[in-house]
Amino acid sequence: MNLAVRSRDTRAPFSQREIPADDFAVMRRENLARWPTGALVDVDAAVARHKALPKHKQLAHVFREAEASGRCLTQPRGGFGTLELQIELMTELDKVGLADIVPTTTDSYTRNEQWDKAQLGVEESRKAGRSMLNGFPMVNYGPIETAKLIDAIDKPGIVLSGTSFPRLTAEVGYASGFTGYLGSGLAYTVSYTKETSLEEGIRNYQYLDRLAALYMTHGVELHRRQPGFLTGTNIPPSIAIITCIVDALLAAHQGVRHYGLELGQTLHLVQDAAAIRMCRVLVQEYLQRFGFHDVYTPVTSLHWMGAWPHDEAQAAALIVYGGTLAAVGGANSITTKSTHEPFGIPTPKANAEGLRMTRMAIYLARNQKLDAMPEFQTECDLIRREVVSVMDKILEMGDGDVALATIRSAEAGVLDIPWSPNRHVKSRIMPARDADGYLRIVDPGEMPFARDAMEIHEAGLRRRAEREGVPFGHELAVSSVYEISEMLEKLMP
Amino acid sequence: MNLAVRSRDTRAPFSQREIPADDFAVMRRENLARWPTGALVDVDAAVARHKALPKHKQLAHVFREAEASGRCLTQPRGGFGTLELQIELMTELDKVGLADIVPTTTDSYTRNEQWDKAQLGVEESRKAGRSMLNGFPMVNYGPIETAKLIDAIDKPGIVLSGTSFPRLTAEVGYASGFTGYLGSGLAYTVSYTKETSLEEGIRNYQYLDRLAALYMTHGVELHRRQPGFLTGTNIPPSIAIITCIVDALLAAHQGVRHYGLELGQTLHLVQDAAAIRMCRVLVQEYLQRFGFHDVYTPVTSLHWMGAWPHDEAQAAALIVYGGTLAAVGGANSITTKSTHEPFGIPTPKANAEGLRMTRMAIYLARNQKLDAMPEFQTECDLIRREVVSVMDKILEMGDGDVALATIRSAEAGVLDIPWSPNRHVKSRIMPARDADGYLRIVDPGEMPFARDAMEIHEAGLRRRAEREGVPFGHELAVSSVYEISEMLEKLMP
Amino acid sequence: MVDNAALPRATGAAINKTLITGVIGSDTHIVGNRILSIALENAGFKVIALGALTPAADFIKAAIETAADAILVSSLYGLGELDCRGFREQCIEAGLDDILLYVGGNLVVGKRSWEETERTFLGMGFNRAFPPGTRTDAVIDALNCDFATRSALVPST
Amino acid sequence: MVDNAALPRATGAAINKTLITGVIGSDTHIVGNRILSIALENAGFKVIALGALTPAADFIKAAIETAADAILVSSLYGLGELDCRGFREQCIEAGLDDILLYVGGNLVVGKRSWEETERTFLGMGFNRAFPPGTRTDAVIDALNCDFATRSALVPST
C-alpha cells in the first residue's frame, strides 16, 4: 500500500463536505498514477462508453424499472483470477443463472492495493490452470481489458470489492463500463480492516462517491451501494440500518443520487420483512432531514451472511428460503450464494444453480406480503425505536457533521459493530438469536438503545437461555454464530 | 382382479354402518384366501408384534407427541421391487434423510391386485439388478418377510398404496407392524380408477377402516389417513377438504379414531396455511355433528402434487418452499418429494436429500405463524363458505347416510373432482391459478358453491386472464397444469 | 399448450388422420394424456381417446375398428417397459404392420439417461419415443412430419 | 462451543502451553479465530491472539518473544496456499525448528477434496491441517494429543 500517496489525500480537514472539483482533479491525478493502468482511465471515453450501453445494461435504470414492475432482481457474487475465467463465469451467471445483475468480485490483494502480489496471482493462476486468486484483479487488467467483461454479458455489471481502499479499483471499474459499485467507508472499514481508521476509510469512499457524482455531471447515472452486511455475523437490523444511514448521508453529501442499501438476512420471515421496510423508510427520513429529497435508495437483501452448513441439502434450504424472504420482504434485489458457500468459492455451475433456486423461490412467493400482520408492525416499530435512539445520539456527537459524528461515536462505542476486526470500534455489542428466532442484542456495549427496546431483546433471549439451560450471556452469542451451520442431526434430531 | 370374491363382499346393503363383527370375520376369511400369503396373517400375533414395538415406532403415538411439542414431522414416499432394495431405501430414509415416518409404497400391480404380474416384476427386478416395479409388492412377500422392513428402521412405518383395492395389502401391512396406512374410498377411487364405482371403492375402505378398528379393540391404536391430494392436479383446498370430511365420516363410522388428513400444497403461503387450518376445523365440526367427539385428525401437507420442473434447482425450490409452507401452516407432518420427481422414482440418495432440504426449511420457519394476518382470516372464511355450501348439499342427498350421500352427489356432479380418470364423477370442475397465485375454480361444473365465494374466484381469474391477454375459460386451467413445471426462462425471463 | 386452440395445426398429409390415444396398463395418469388428446383434436386430427387404464389389446382393437393411422401410447407410472413389451408384435399379428406408433410420458422407473430409454422403446418397435415434459406442439410437429414423409413414400394416386 | 467454558480442558502435558493464534495475510475473517482463541484460553492454554490481517513474520516474531509452543494459523479467504508458502522455512530460519504448526479455516480457493488440500499443507511443513467447519473441541483434543506425544518423546527431567 502506497502510504505516501494516501497521506496526501488527507490534507483537507475531514468533514462531510463535498470535495471541491479542483481538489478532486488533483486527487484523481495522484490516484491514477499509482499503477500503470491508471493512465488508461479517461472520463470522457468512459462517459461515451456508458452512454453507448443499452438501457438494460445500466444498473441505475434496471433498478428503477424493476421497482416499477414489482420485481426482485437477482445478483450473485463471483470473481476469478484471470480474464478468461472471469468471462466464462459471467457468461454462465448471465445465461444459465439468469442473473439480473452480473458481478465482478475483486481479489483480496487488489482490495488491499497490493497490485504486485495480484500480478503474481494472475501468473500463478495461468500456470495452475485454476484460479489462485479469490477474485478478479481489475486494476492489473486495467479498463480496456476489463471492458471485455461488460461486452460479454447482456446485463448490467457491478463491482464487488470489499475494501477500505477502493479509489483506483473504482476508477477502473466505472471506466470499464460497470454501472454499479458496492462498498462504503464506514461499513467496509469496520469489516475488512484491522488498523485502518474510519477517517481513512471514509475519505477513500468520499473519493469514490465523488467520482460517481462526477459521472452524473456528465449525464451518466451510476449505482452506488452500501454493504450493510458488515461482518456478516448476526447483524441485527438496527445495526445495519444505522450504518446504512451514516454511509448514505456521507454519499449524498458527495452528490450520489442512486444509492443502494444492503441487509444481511436474519432468516426470520417477519424480522427480515420489517428490516427491509424500515431500512428504506428510515434512510429516507434521515436523508430528508439533511435536505436530500432526490436520492433513490433501493434495498438489497443478502442470502445468509454467517457460517453455512456443509450439507448441500441444508445449504439449498438457506438459498431458497433466502429467496422467499427477499420476495416477501419486498427487497429490490437479492444477492445470492451457492451450496458451495461453506467450502470455498463456488464453481460457475454451482453459482448459477444458486441463482436459479433463488429465482424460482421469488417466483413462488410473488404477491405475498406481510404488511397487514401485527407482528410485522410491532417489529417495524421496534426497529425504528432502536435506530432512532442510537442514530440521534450519533448525529448529536458530530456537531452537524456526519463524518465527524461517525468517528467520534465509534470511538465512544455509541456506534458499534459486532465481531469487527477493526481496532477503532469497540466491538462490544453482542448479538444472539432469541427463543422465537429473532436476532437480538444480548449485550449492547455502549450503544444507547432505547431502554424499552432492549427489554424486548432481553426477554426473548432469556427465554431461549432458559429453554436451553444455559446462562444468559455471551455463550448465547457464540452458539448463535454456529447455529445455522450445524448439521441437521443436531439442529432438529 | 378376482371379481368373484369382490362381488361376494357387496352382499350387505351399502351404507355407512359399521360392519358387524360376524360379517367382518367372514369377509376377512374370504379376503385372506385370495393369495397364499394371506394365510400368514394372524391378528393375535400381529397385536403382539405391535405391542412389542417401542412407542417411537408407533405412528399414532408419534403424531400426538409431535403435536404436543409443535413439531412438523417429515415423511417421504418410496418403494422398490425387492425386499433387499426396500430395506436399503428405508434405512437411507431413516438414517440419512432423518425421516420421522418411513414409508413403503406398493407397486401398481399390487394396487390392482394383480399379484401374479407383481411376482413377475420381482423376478425381473432380481434379474435386471434394478427395480422393474414402481413399488414394493407387499402381498407377494407376505407379513413375515415384510416385517423385516419394520425391523430395519427406528421410526414408525406407513403403507402407501394408491388404490381402491386395499383389503389384502392392508391385512399384510398392519400384520407386518406398519402402524399407518394411507388411502380412502372416495379419494383413491376417483384418482386411481376408471371403471370402479365409488360404492366398490368405499366398501373396500370400509373393510380397511373396520380392520383398524379391530386392532383398536385389541388395544392397538393404528393411524389411518385420507389422501386429499386426489388427482394431484390443482386441487383447490375446498375440494380436498370436502373429500376429507366424507372419508373421515365413513372411517369414523367403522370405528377409526386416529385419522390423518392430507392436503396437496397450492404453493400459496396464505392459502396453504388457511387450508391446513380449515381442514382441521371443518373435519372436526362435521365429525362432531355426527356425534364423533374423539377422533384425532392430524393434518399432513404434501409437496406440490402437480407436474414438476425438470431443472433440479427449480425443483429444489419447490421442495424447500414446501417445507416452509407446511411449517408456517402448522401442518402435523409433510410428505416430501425429491428433485427427481419430474423424471422417475428417486434414488434413495435423492429422496433423502429431499427430506433434508425440507427438514432444514422447517427448522428455519419455526415459530412463524400467519394467524393474525387479515388475508389469512379472509381465506379461512372463504374456504368455510365453499365447503359448507357443497358439503351440506352432499349430506342432504344421503338421507342421513354419508355413504349413500357420496354416491348420489357424485352422480349428480354436486361432488366433483378435477382431472379425474373415473367415469363415476363428472370431472367437470376446472381449477386454475389466479392473478395473485391462489388456486381458484374457473368452472364449478355442477358443484353448488356459494355464489359470493365463486365471485371471488372469478374476479381473481379474470384479472389473470386480462393480464395475460387470454380468454377467461378452460385455457386458464390447462396452462395452470403446466405452470409450475415450466422452465424459469419462461416463468420469469 | 392450447394457445392457438382454434386454429387447426395439422398440415398437408396430416389432415384427417385418425389417432388412438390412451394410457397403457394399470396407469391412471390421465392429465397429460387428456391435454394431449384435446390439443390433437384442436389441431385437426380425429382422436379416439381411450383414457386411463387401457390394456394394450384395447388400443389395437380401437385402431382396427377406426382404421387409425397412428397409436399414441402414454405411460407415466414407471411400468411402461413391462406394459409395452410386444406391442408392435401384437399390431403385426392384428395386421397393423406399418401403423405409426408413438410412446411418451415417464417411460422407465427412476432417472435413467434418455438415450438409453429411447433406444429401449425404439428397439421395441415404436417409431418415436418422447421424453418426460414433452409439450403438445412437439407431438403435433412430429405427426405432421411423419405423415408427410409417409405420404411422400407412398405416392397418392 | 463454549459449553464447558469454565472448566480447563487442556490435560497433562498441554497445561501451561503458550499458543500463538492469528489470521494470516490480508484475511479479515476474525470470527472463527476469535472464538477459537477464547475457547483455547478457557481450556487452560496461554493464548497470544494476533487477530486478523497478520503477516507471517508477525506470527514468528510473537512466537519467539513468548517462547510459544505452537502457532495456530487461520486462513479463510482462499489465499491460504499463497500466504503460507515458506512458513515452516521461516520458522526454521528463526530457530523455531520444531514448533508445532497448525493451520485451519477454508484453506484453498474453491471446493477441492480435503485429502488433496491436507496433503498440500502437510507438505508445506504444517503438523496438522484442519478442514472447514472444525469445532474448537477438536482443536483442543489435537493439541492435548500432540503435546502428550511430544513430552513422551522428550522425557521431562
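Things worth noting here:
In order of appearance the chains are A, B, C and D, and numbering begins at 1 in each one.
The rule is short, and it goes like this: contacts are C-beta pairs under 8 Å (C-beta built on N, C-alpha and C of every residue); 3 or more make two chains touch, one makes a residue touch a chain.
Every value quoted in this text rests on a predicted model; they were computed, and no experiment measured them.
Chain B and chain C have CA centres that are 31 Å apart.
One finds 55 Å separating the Cα centroids of chain A and chain C.
Centre to centre, using the average C-alpha position, chain C and chain D are separated by 67 Å. Contacts with at least two other chains are made by no residue of chain B.
Within chain C, not a single residue touches two or more of the remaining chains.
Chain-to-chain contact here is organised linearly: an open path runs through the chains from one end to the other.
All chain pairs in contact, by the document's touch criterion: A-B, A-D, B-C.
Residues 1-3, 5, 23, 25-28, 30-32, 34-35, 38, 51-53, 77-79, 81-82, 106, 108-112, 132-133, 135 of chain C are the ones touching chain B in the complex.
Note for the complex: chain A touches chain D at residues 107-109, 111-112, 114, 120-121, 124, 130-134, 191-195, 231, 233, 307, 310, 340, 342-347, 350, 419-421, 475, 478-479, 481-482, 485. Residues of chain A that touch chain B in their complex: 98, 267-270, 309, 311-314, 316-321, 323-324, 328, 353-354, 356-368, 370, 372-375, 436-437, 488-489, 491-493.
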